[in-house]
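Structure below; questions to follow.
By letter and in written order, the chains are A, B and C; residue numbering begins at 1 in each of them.
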Amino acid sequence: MFPVQPLPILNVEDLHLHYGDMKALDGVTLEAKTGELTFLIGPSGSGKSSLLRCCNRLEDPSSGRILVDGEDITQRNINLNRIRRGIGMVFQSFNLYPHMTAKGNVTLALRKVLGKSRKEAEEIGLAQLERVGLVDRADHYPNQLSGGQQQRVAIARALALEPKIMLFDEPTSALDPELVGEVLKVMRQLKEDGMTMVVVSHEMRFAKSAADHVVFMAEGKIVEAGPPAQIFDAPRAERTRAFLQEAHH
Amino acid sequence: MTRSERFIDTFFKYDVMQQYWPDILKGLFVTCQIAVLVVVCGLALGLCLAILRSYRFRLVNLCIIVFIDLLRALPPLVLILILYFGLPNVGVSLSGYVVLWLVLTLVLAAFAEEIFWAGILSVPQGQWQAARSTGMSYFKTLIYVVLPQAIRMTIAPLTNRTIAITKNTALGMVIGVGELLNQATTAQSFAGNATPLMMATIAYLILFIPVVYAGRRIEQAYAWRKR
Amino acid sequence: MEQFLFQFFNLDIMVQAWPIMLRGFGMTLLLCAVVIPMGLAGGLLVAIASTAPQRWIRWPTAVLVDLFRAVPPLALLIFISAGLPFAGIRLSPFTAVCLSFLLNNSAYYGEIYRAGIDSIGTGQTEAARSTGLNSLQAMAYVVLPQAVRNVLPDLVSNTIEVVKLTSLASVVAFAELLYSADMARSITYNASPIVMAAGFYLVLLWPAVRLASRLERKLST
């Protein structure tokens, strides 16, 4: 038997994103293999979130390519809705639909995008809520849930579409400190289940223990990338060192 | 005759009531009919325009804005007179009933569009992004995620505006639509007595007080959203 | 097309009707100048009465407000100008219009002020009272100025409605803009004078409508 070589599922090639004169992304190249957790760190305004949003085409990059499972999603005529189904996204502010229950949030796209029956959608939805430990809250509305629970529902909502890759945009930044743990626990579980993940976050301890790759960005560029041990314990670039020192305070 | 007898004789004369209540009832029926048609068509058209506007085609939106401004700036009675007296001379003859319905529907649509549009704008951008990130199309996002939230925020102002415009059915009197006020003024001139007007007033109260009251309750229930 | 222009935009007829239209427009402005301040003042009284601590003031006010909100303005106007004479109360068209507008508009303006007053927390009143102002002073100097600012868009758009409502005066033969236009129409058998009246209303109200929707947007974001 040959050892199975993980395939790159996400390739970002020389990505640029300009707003007028401002360069939010200035030539970013990145690769993530199946089942890997890539962790993006950097000061605010460094382009981490822009990069994530480009990967879901919530932003349109000015130039460069993004390949997901070999398919270029930056092509102009691509069916965005089909692409987005395969890329789960979790937002800093949860963005749960306030007029729907947890179950309603998780099943909406299953029913309206994939056209599944209510019964089928609920089966999948409840299974995903189970996965994030909230199946007993299925009939609660977002305003009846804590921030941590809301974010876990949001993760279940993304998982329900069986994405090939999950993007997390500062998933714990809006949470009270005591609620951060439950969200990270779910993310760790996902990683163990083999999900490919790209995470923007400030939770350095989580990065150290769970990430396969850590990417340090500044001013729209990747300054340094490598395994967590390298970035956190022996950073090569001066900027990385300065940033991490700042972050520890 | 004492003062109170005279008052009753002027505004609550029994014979007059007995003679004219079928007419008043007929008028009330016509008023209700037009009101329901105006509310249904006006709100539906307003919602469609708001949806159309959310696609942000520049030329279309310019047309919508001009349409709304015109109907907000012009008194409905002016529009009614233009259509009712002007159109027959260019070969389009509409009955008073249709003119009244058409004008009030357009006016309600204009106001409703503004309110729906404000509601759509007030839904946070994150809701759009979350829905689009699960692969929902723009239209589906609008229908299943944005509008249910937007409409909730618009219920109070919409109710008030709808009541105000529905009351304009009384303008039908001017162009001979057989609605409540018209029946009452006709009856009043035949009877030589103000009782039919009082009957119409009471009929309006019975018709609109529950709606006004419901509007107030809805406003209170949703007031917290504004803050 | 020619027929359409002839019927709705007939220049000859418009020139002919100009003097009478101008007089009508003047009367409309006069009417506005009387009924708007009256409504604003009446509404203020209604608002203060409907937020009064005493129940016996609050309740009757609420009932009256609902009554006048439920009756169509035209029905109220007809009742006053055509119904009251039977009871021996004869009012000139101008007075009848003013009275019915006072009753109707006070209810509407009153509701708007009240919403504004409700939007100011009780903390403001308490703070003002704690510095020794009496309740009326607290209302006048502290609460109302903030309340009015909060409901300014509603006040503006209601005032637009009031200006439009003055066209109802034409029904009781008060010679304002629309009445003059309709006179000219019935003499010339041509709708151009009414289109012209629409033009006058647009000149008067379009800027106000733009202002109102800008104010609404500003406050909602």
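Definition applied: a contact is a pair of C-beta atoms (placed from the backbone, for glycine too) under 8 Å apart; a residue touches a chain by one contact, two chains touch by 3 or more.
The model shown is predicted, which means the values in this text are computed figures rather than measured ones.
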Common touching chains of chain C and chain B: none
Chain nearest the global centroid, as defined over all protein CA atoms shown: B
Leader among chain pairs (count of C-beta contacts): B-C
Chain whose average C-alpha position is farthest from chain C's own: A
Rounded Å distance between chain B and chain C, as computed from the means of their C-alpha atoms: 18
Approximate Å spacing (C-alpha centroids) for the pair chain A, chain B: 48
Gap in Å, rounded to a whole number, between the CA centres of chain C and chain A: 55
Of chain A, residues touching chain B in the complex: 56, 58, 80-85, 87-89, 91, 93, 95-99, 108-109, 112-113, 154, 157-158, 161
Residue ranges of chain B touching chain A (in the complex, touch as defined): 124, 126-127, 129-137, 140, 144-145, 148-149, 152
List of chain B residues in touch with chain C within their complex: 6-7, 10-11, 69-70, 72-79, 81-82, 85-86, 89-91, 114, 118, 121-122, 163-164, 167-171, 173-174, 180-181, 184-185, 188, 192-194, 197-198, 200-201, 204-205, 207-209, 211-213, 216, 219, 223, 226-227
Residues of chain C that touch chain B when the two form their complex: 3-4, 7-8, 66-67, 69-76, 78-79, 82-84, 86-87, 115, 118-119, 160-161, 164-168, 170-171, 178, 181-182, 185, 189-191, 194-195, 197-198, 201-202, 205-206, 208-210, 212-213, 216-217, 220-221
